């Protein structure tokens, strides 16, 4: 039995509060159990140098954690610079979100999502992707509504979830206590039509069998299908 | 008339949510109108090098803003390093909080307050001081309750508020729209017994008369007396 | 009695050596007792990005200390980056000097003052402001004389001085030994016509009464009136 | 047909030159087609702070590229700092290599592998893992031979390879021209006994079906089984 | 007798492998005894700001060492920034190479040489100059062949070598063991027609007589005349 | 005729003001024509890690320039980090000063000289060495006088001067206008007994003949012999 009585294939309770940062172009606060992430989109009327003059847009992401979001305080990155983990998560966020739309249809604008973790209890990178994707949809919808996009672009919904092997059993949506004792740790980013955007799966301590990966992929698919109900809000 | 119909000497609505970051030693979320700051205290069983072996404790503070807390996005300090403004606010926060207790009575521990602005609409540094002081009181109370302090130490309540001269009139607790058009901008940190901890007053554009300073000091005293009602929660 | 036999309201001896750095646009060496600061103005034919195309000029300042200017050597900021204290002083210097002229009348030029402390014995930031203001006046006069300003602009003289409460007594122009034992420490930047540009007043250790602030303001006014005699040289 | 006439499931030619950097504790130069990586192990008689006093060892890795290893010159990281990509690869390298031995049996030593890419034609991170794992084995063998390990520790061979979907077809061991046109890009780190250490699979542009992932995993297994023949040299 | 049986005025064995980094504009690997340096030239169609619009070209150089090129591992400059020694060598390299051609005849292009030390056994800076000069000649020849230079420019061959005083005797081309015990250490950069480009000579521990300098200069002249045979390859 | 009417072998007027920074362990201000450098020694009761426990002392140096010391303002190194030129000069300073005494006789102390250029008109690095050597002698004498050295150590006087070839003629002690048009530029660090500590000689634009080097060495010897008269003050 999991420590919050969840079934192996159950998500933690999820809520989304839209408009959390009223000065952002689009924003929300996503809460998954004890994990809480503020996702805010900025719309900038320019693109990075390698895209200038191409007519194409860009989507990028930044990630941060409040120092006291975790059980032992994290040193502020303003003091020590970004960690390797932060770079890795930012790159994953950017790649995942760029899958959602055909960038050539956005025009030369940059949509930048800031994901800031207010409370961390496992799954902060997957909650960030899930929340950021919805905020991105809201931002593009606003661009269209306010005349910044002549024609609404097609948006491919994406969401992400973690899975892992704990004590030999495959579990969905690990909290921190589960994550820190998992033998295998995986993240899945998927679309609503059954496809995958990205997967990362890592042995913690000892290698795992391909079958373990398969079990986690099945759990992730089920969890992500549930996450897409958030898109209807 | 002010744009939110407040009287010249009125504070904006204030609320405090205790325990906002459950993994911190003490934490709260302070909301003053459209400004919202997370204040969290960490207790570390060591002191900076210049205090080692003295038996004395230390209180320090760090300050940050979420990139989308402001109307135009601020670049993340993890990327560009801390700004001069951030250093200035951190130093003010630390000095103000160290006035609250006799550091020699704490033992060799560091109490570190992180003040992170989630939403900024003027007065973020004074809201940070006001919130951090209460969180600091809660942290010291917890130290005593959990046996980390043999004897409870005396705590001097401090709070802070801004005032300014806008269109020739002295106003209390400026919001962002008032702050950006103020001719004079002042911050006051005061105690509950009528004394001052710090004051900073700056001409924005043209010099001001000593009488203007006096009017702002009177408003600040009134506002800070009201802020101390938050200490009873 | 003060350790150099001064009266409570007396300044230390002051001298100004004009043209100290002959390759600067304007420069001087200001000596106040044991404190000595080199102030040099550079005139650059451009402005920061936020002013381009506005026709308006800009005034800014940088501050540094020679490593052996103080009693215990300070690490060089080239090695460790600027400290919070340096940022705070630079911001104060810039704000104070920008009060002196209507920037819109300068044209798109930047006047940059470098204040470098050769010897530090208290009051380096106020000596920097006092010296830099005179160097700035000299630079603007040179701009006009050499044809860079069609019409001479009006210059508002500013100067700065410290005051403090030491052993319960208000003193003007603290030297380092007084400053390090002061209970309250204040800096005042004032104009020649009785107005204030900026004031900062900080409790060192314990809060102070508003009356203490008043006594220091009176001393500062007297001291600054004397400093303006330097403008006639 | 692939541009070097390889079959879809064929590796590029591979060679290993042992002792490439004679002053390292163990070193080799691995060449896979047009990709060439120098892997060198340093043995340091200490461990990071979080392991001190535990009796346990540590394995870590650093990665770099010579500026002219790629077709357009890369700016040197000594000038601009490490990129997000470099951090990501270093973390992957470290995790993969730490799977090879029980760190508790090494004693308090750090084995650090430097992987420096001399020539880059795709697959530099997987070639780095494959080469570094062999260099690590050689270093541990030397430790044992020279008396630094009382008892030889069991070593789990690991190796890594890339796979991808290009023009709808699954291909093994992509070169740069294939990698830059791939629709899906995957890396696999596997052991000799059929297990997985890590997998990362990313859509380049559009999402992919789980079946595509399966095909790449089959190719990777075949390729890695061939790579283990290098261990017999 | 030297530890590799060389005569006092003998160079170590030298080889040059052209085209070492096939993606560079020109490249080679120079080996002098146990020292090995990769020299690669990049041709960039732009010049630094101070040369824009002058029609003149620029030649510059960067230098690095692989972490395990030396007997005790060097920390990577990506982590700690460039050392003073690296800056000094880069400046020497740039000055020496800019002597080779009249920059005004190159047009507005930058030729950048990267010298990366794969193995270090003394004399890495002089081997870098010697190798980089030949790679530079090859790059300029290619520019002319491919139409980037209307008229071939005259190239002044330069090469460099070290000399030293060890146990009172002047020796040519010191290896690491000799260099670390030398009383005097000198580097010479010379042209093929008997002139000098640069010389640096340093006492290690105690001062030396001008006659010692003269003996080293004679050895260097002899060594450099032999190095120019590499230009015929 | 030189622009200040000096003979080819004449030094500029030199003065030394002892005790310029009264809070330093030893200090002076050296003026050579239009060049002025503050040299200050700090005595620290510890040594760098590589010397701990050896009983040996250390001598090191840092160098800086005030932003307005030069004709066009130099950006502050606190903002941009040290330049390659600064590192090169610091290394030269350190090596030259360490030749003066047997470090093994100092005990485990570090003598650190800060050389800060207040005014720059050519020859700042040689003036720094000449001034720093005298300040170092004064510091060691003070250590002995105050009991920090049981027995006075022997001090080898060193001094430095520049020479150059301008319009085909060898000149001693170049000022900035000469230095910027010189064809060859050399610095010599010499002892009082006819020996050399270091020499650096660089072609500016085109190579030079060994005879030119010889002429400059003769001038330098004459100049340095004159500089040693400063040691008698």
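In this document, chain identifiers A, B, C, D, E and F correspond to the written order of the chains, with residue numbering beginning at 1 in each.
To be clear about the criterion, a contact is a pair of C-beta atoms (placed from the backbone, for glycine too) under 8 Å apart; a residue touches a chain by one contact, two chains touch by 3 or more.
This structure is a prediction, so every number in the text was calculated from the model and none was measured.
Between the contact lists of chain B and chain F, the overlap consists of C. Within the contact network of the assembly, the step distance from chain A to chain E comes to 2.
The greatest centre-to-centre distance from chain E, using averaged C-alpha positions, is reached by B.
In terms of the distance between Cα centroids, chain D is separated most widely from C. Counting the residue numbers used at the interface between chain C and chain F, over half appear in both copies, so the two copies meet with largely the same residues. Once the centre of each chain is set as its mean CA position, chain B and chain C turn out to be 28 Å apart.
Chain centres here are Cα means. That of chain A falls 50 Å from that of chain C. Chain contacts: chain F has residues 81 touching two or more partner chains.
Starting from chain D and moving next to chain E, the ring of contacting chains follows the order D, E, F, C, B, A. Put simply, chain D touches chain A in their complex at residues 81, 83-85, 87-88, 90-91, 95, 99, 156, 190-191, 193-203, 205-210, 213, 217.
Residue ranges of chain A in contact with chain B, taken from their complex: 21-24, 27, 34, 38, 40, 42, 62, 64, 66-71, 73, 76-79, 81-82, 86, 112, 114, 116, 118-120.
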